[in-house]
Amino acid sequence: MIMADMVQILVLGLALGGVYALMGSGLSLVFGVMRIVNLAHPSLVMVGAYIAYWAFRLGGVDPMITLPVALVILAATGVLLYKLVFEREARSAKYSEMTVLLTFALAMVVEGALGTAFTNTQRVTSPDYATDAFFIGSVFIPKGQLYSGIVSLTIISALALFLKYSAFGNAIRATTQNRDAAELLGVNVNLVGLVSFAIGIGLAGAAGALVSFVFSFFPAKHWEWIAILMSLVVLGGMGSILGTVLAAFILSVIAAYVGFFFGATWSTLTFFVALFVVLLVRPQGLFGEKPELA
Amino acid sequence: MNDLLQVSNVVAGYGDGPAILNGASVKVESGKVHCIIGPNGAGKSTLLKAIVGMLRVREGDVTFKGESVKGLRPDQILRKGICFVPQERALFPKMTVRENLRMGGYSMRDKSELERRIDEIEERFLILKERRDQQAGTLSGGQQQTLSMARTMILKPEVVMLDEPSLGLAPKIVAEIFDIMRVMTEEGITILLVEQNALMGLKHADWGVVLDLGRTLFEGPGKEILNDPRIQELYLGGKKAA
Amino acid sequence: MPTIDTDDILEQRRAYNESLAQAADKTRAVWFPIAIMAALLALPALQFVGNYNYLIHLVLFTASYVVMASGWNVLGGFTGYISLGHNVFFAVGGYFAGMAFARLEISTIILAPVAGLVAGALGYLIGLITLRVRGPSFIISSLALVMIFRIFFENWEFVGGAAGVALKANSLPVEWAKLPYYYAFIVMAAFAVWASYRIKHSKFGLGLRAISKDEIKSESAGINTRFYKVMAFAISAFFVGMAGAVWGEYLTYIRPNIFLIILVSVNMVLMCILGGKGTIAGPVIGSVLIVAFNEFFVATLGASEINILATGLIMMLCLMFFPLGIVGTLARHRKLPRVLNWD
């Protein structure tokens, strides 16, 4: 039954989109506020995944419970990285280019460290729900992906509310839109940078906990994620969290259909090609207004 | 010595680059409108940025109420009571008008007082009340300028520095901008204005300053400068223009 | 009213500009690179007295990176467009020459210039597309390029997919087996360094450097920036492709995970940054240091994971503390030894 297949693929695509949305939103926040294209973001997601993996493997702790822990650990790492590396780069003339290279190097450091510590073996956490599914008629919804999608959207909503309604959230948005003006109105933009960076990296940790039971992973896999996440953030209009979330769902669904019709290999290609096409045809993304990066 | 703000022999420039200002001096008297004119690249905007702490003052001094404010960060200058509206309208395009006003009082502790003052501002500038939930980026140029000027009034600062508020606006709108400035002085706000439109600026100013080559070349009452033949020749495009 | 002293300001400007200009011409020492060249050409004579295969391999390996890093430098150093995806051209050159070698038995050394041209032509086409964006967007697009090519090569049956194609080893006795490739790489490296010198000091090179300083101003100054950038991309792809061509036969394998791994493209970037982006000697010095460093790590620790970690760490430290690289930093402080001033 072709129709049922189509619905099934849509559901699977959407479920995957939820996870990518959380992975991408931290990246988007950091870019929006700091103008840092954080190529190390996926490698830090990987760190979160390992935290969840070992907590599950050694202590039988559910990844959902490890999630806030991973979030806090990674946020603290974010503070450290900001203080050690990125704060001093703020005065660099070729700032955005410099930070791309720096985060690229950081990604290698993280990959190398994880590879040294845990080898390149494929890992996955397997709580009960990871292999279970709901059935609606003949359509099945994998529980693991459903739960991770719900958690991911909850976290993103909390972030959106914080940005929209708290004074500090407003300061973050203001800094994203006009850094100089925010500074002139008394916003401590350096603190805003620090906090946003910490939140962004914290979200990477949270996403890692979810990823740990949705995908199998090994340290070098973050390269594949980089291009996937970049495609979301670029398509969403760099720095727009809502755009990133929408892009995550759109691309995941397209990738699911491509995978169904042409095979799994080409499914990943969807993201890369989308990234390429968007950068070249509409560098400001679907929802961005001006070509920030062009 | 009733100078509120005094800039003396300031040397400043961007980053490690050459000095744009080479000993600029300006005296700002309480309650008056001051207008700085001069050709492109004379250092007019640079001077305002140096006062507000966006650029480092390499030599010379900036004093506010007799106290040196040299080397302070922009947010510290703001707390002293000096507000700066930079040239490229300093708005947050994807935040609403109301949110933009709220950002104007970001440094205020008392948030209910802030909301009260925003209401006051909205009463005075009805267009802002009408458009309160609209994104600032969708306002017209004149409305955006109104918003950025009105926003400074939330903090009730002593000095407001405006960098070419009339830039890119139609003559009729420019007149409105100068009206807002008059409202501000009525509130007891001292104004330091940089204007490319020298005629318009000097006409509304109590005190005029001519800046060129990074130095103060001439200063005096606005009308006097306007009528000075040398100034007319050099900066106002000859007698006919006046 | 103070007098207007324009002379004074102009004098200050001139003094300032002079302080920026590097003391260039008089300190150049052309004999030094030529002496190195002569020494390297004579080096294989050591094989008469013992087995120096490892040393030969190291020099060959370094020379291959001199070719690639000098090529990358034309785009990344002179023009200011950082590509993290230049191993794509390494792969294209390698596969083109490798397949021709496997099917038609034409030596890759002879084919290298042709493979370079193929890579260059592809670079031209890709450049036409990706050079429409700059800064971080360009860097991201270059990463995406690697991903796309990797998927293609891994699924292209004609070139053996992920398993690749095995190439025939040459029939020379073991102590001489490396020499054809050794000389090929030495000659290519010398050519790359010479060519990048000529490019840098040509009108074309001046245009590229203007683009890296301020693209919009360059364009309004009448430089056809689009053509210049795309040509720079093609030239850099040419050199990288040429290196790839011979590398495949040397390893007797063409396989995606030889050519399309991120470490290859990172090495090119890192060598230029460490040595000094935009300088002539920079990529050479960077290649020597990074290869030496890699060998040290592989020899002492053996693990490629630690190698990745250390490479990343060095890159971070370089970027943070020596963004101008060794040559650039020394030149700025006017402490660059004469023998290293090849600019």
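By letter and in written order, the chains are A, B and C; residue numbering begins at 1 in each of them.
FYI, contacts are C-beta pairs under 8 Å (C-beta built on N, C-alpha and C of every residue); 3 or more make two chains touch, one makes a residue touch a chain.
Small disclaimer: the values here were computed from a predicted structure and weren't measured.
Novice: Could you tell me which pair, A-C or A-B, is linked by more C-beta pairs in contact?
Specialist: A-C
Novice: Average the C-alpha coordinates of each chain, average all protein C-alpha coordinates together, and give the chain whose average is closest to the overall one.
Specialist: Chain nearest the centroid of all protein C-alpha atoms: A.
Novice: In angstrom, rounded to a whole number, how far apart do the mean CA points of subunit B and subunit C lie?
Specialist: A distance of 51 Å separates the two centres.
Novice: Could you grab the centroid distance between subunit A and subunit B? Build each centroid from C-alpha atoms only and quote it in angstrom.
Specialist: 42
Novice: Using CA atom averages as chain centres, what separation in Å is found between subunit A and subunit C?
Specialist: So the centroids are 33 Å from each other.
Novice: Considering only the defined contacts, which subunit C positions touch subunit A in the complex?
Specialist: Where subunit C meets subunit A, its residues are 82, 84, 129-130, 132-137, 139-141, 143-145, 147-148, 151, 154-155, 262, 266, 269, 273, 303-313, 315-316, 319-320, 323.
Novice: Over in the complex, which subunit B residues touch subunit A? Could you list them?
Specialist: 15, 52, 54, 74-75, 78-79, 83-84, 86, 90-95, 99, 102-104, 106-107, 111, 137, 151
Novice: Given the complex with subunit B, which residues does subunit A contribute to the contact?
Specialist: 93, 167, 170-171, 173-174, 177-178, 180-188, 289
Novice: Quick one: which bits of subunit A touch subunit C in the complex? Just the residue numbers, please.
Specialist: 37, 39, 85, 88-89, 92, 96-98, 100-102, 104-113, 115-116, 119-120, 219, 223-224, 226-227, 230-231, 234, 265-266, 268-269, 272-273, 275-276, 279-280, 283, 293-294
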